[in-house]
Amino acid sequence: MNTQHISSPTIELKTSAWLNTDKPIKLDELLGRVVVIHTFQMLCPGCVSHGLPQALKIRNTFPESDVVVLGLHTVFEHHAVMGPEALKVFLHEYRIHFPVGIDQADAGSNIPLTMQAYSLQGTPSFIVIDRKGKIRLNHFGVIDDMLVGAYIGQLLSE
Amino acid sequence: MNTQHISSPTIELKTSAWLNTDKPIKLDELLGRVVVIHTFQMLCPGCVSHGLPQALKIRNTFPESDVVVLGLHTVFEHHAVMGPEALKVFLHEYRIHFPVGIDQADAGSNIPLTMQAYSLQGTPSFIVIDRKGKIRLNHFGVIDDMLVGAYIGQLLSE
Amino acid sequence: MNTQHISSPTIELKTSAWLNTDKPIKLDELLGRVVVIHTFQMLCPGCVSHGLPQALKIRNTFPESDVVVLGLHTVFEHHAVMGPEALKVFLHEYRIHFPVGIDQADAGSNIPLTMQAYSLQGTPSFIVIDRKGKIRLNHFGVIDDMLVGAYIGQLLSE
Amino acid sequence: MNTQHISSPTIELKTSAWLNTDKPIKLDELLGRVVVIHTFQMLCPGCVSHGLPQALKIRNTFPESDVVVLGLHTVFEHHAVMGPEALKVFLHEYRIHFPVGIDQADAGSNIPLTMQAYSLQGTPSFIVIDRKGKIRLNHFGVIDDMLVGAYIGQLLSE
């Protein structure tokens, strides 16, 4: 277990809208806290069965003063049926209450802008940013709860 | 465990389209086989986590010559984001290969026509029809795999 | 799903003791009901995690007037630490309340007598006997709840 | 999530024997590493279904150079059927390969000596000791994998 190998500067999220929050989230306003970002597509089975329940568990395990949990809807396929209205219904039905940004579409590509900037390989992806704003983990696919806890615990006590 | 208390005549499905099948399914052409119908909405969490995986398990447990597995998309809320195109993507992503009918909308109600005819209370619902075409079970909500197996086994040997 | 291929006459259980019952169980006194027998060893991981919980679920799913659930402790290894006193503690701690027979030791073999008579290959094994006393299933290893339900349901309506 | 509230000095384990290790384990020889101790009884259902699988997951998640995983068999009931020979079979059947100490019996009490010294309330209990040898967590009952990971991760980076 080692998050030390990645130590990239923060890449600000590029979003067209935010849900479940009164104002847009800026990563540089979250310095001092550990930030976890779950990127997902609402019709991605692994996101629905694993990634989002894990994000909710993180939200329920750590205090908001220490750990920020964000969702990012990075639609790179089937754009027509995963628009903002569909996403709103999805978040309502699945009782996801933490802030979710909509990754900003790129007119010239199916891949939205934040997904490009973070070089994400697909969904679900799991990003962890430390208290100083450095990206410490950028993981594609399923990741075990114990390991997620260990990454967060490690960064909390740095 | 007793399915005897219901013994209603078949109510034909009223659908606007069928997916995963070359031609529309007619219940009266399925006489001689046990038919199970899983009614669902693609953004209903209990359908996604329980009902549809159970339908797939039924499909994999019993031969098609004995048991027919059908899905029925009974949209009664959030109609705008659960249309046919969204459903096609959903079935593709979740690898659901058995025939799925789209319950026919009622111009004067949010409740589609088959849902009305079967007096369904919500999603997921699970309907079992015996070899003679009689409805023997009409269950709303989660139902255990062992009990589902028992209902089907009982009807198979009648 | 077909239990028809086995249709052996009942083989009476040979036991040195019974727990959780006032008097020894005789299979020929159970004619008219479906009987399921879970054979296990108390220190067999697959029995503890799968077989016995499934036996308890069968007990809770079907009425006793239709389905009899029996355990059979078929110790064929580590005999010294799986004796009757250890078994009593195990049944108490795991809250197993259905009758459990202790398969009778064979002075000349590690394999106890009922295990020999039924040609059991190991634990857990799952035996199903129909209302007429014929052995219809003799399965070694894990078996899915839905399939178990189907076997029992089929025999119930014969 | 806070392990800071406990900061007791190490209490050395009092054992009558060790299994899965060539020589007895002394906590004061483990300084510099995080030590987790799962206390259990081999016939305790919660230990078998939750505590010991979690201990194995910790062993597989963290390197041995950072995290030591120990079992402690704290028998406080049914002593006659949970002796050393039964425990050996149990560890073999459940494929538990990390060191397991047998908590030393107290001639005047059902509660063994280490269990008394740590004021353990029952099984399973989960103890975490930091790199400096201080007890940081002493938890009775089931504890979630994510929280366990967080405790360990936090102590690893202190």
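The letters A, B, C and D name the chains in turn, as written, and every chain counts its residues from 1.
Note that contacts are C-beta pairs under 8 Å (C-beta built on N, C-alpha and C of every residue); 3 or more make two chains touch, one makes a residue touch a chain.
Values in this document were obtained by computation on a predicted structure and should not be read as measured data.
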item: Those chains which touch chain C and also touch chain A; value: B, D
item: Copy-to-copy rotation for chain C and chain D - C-alpha atoms, rounded to a multiple of 5°; value: 180
item: Residue-number overlap at the chain A/chain D interface, same or different (half cut); value: same
item: Interchain centroid distance [CA atoms averaged], chain B/chain C, Å; value: 35
item: Separation of mean Cα positions, chain D and chain B [Å, integer]; value: 50
item: Residues of chain A touching at least two other chains; value: none
item: Pairs of chains, among all present, that meet the touch criterion; value: A-B, A-D, B-C, C-D
item: Complex contact set, residues of chain B against chain C; value: 1, 57-58, 61-63, 66, 144-158
item: List of chain D residues in touch with chain C within their complex; value: 43-45, 48-49, 78, 80-83, 85-86, 89-90, 93-94
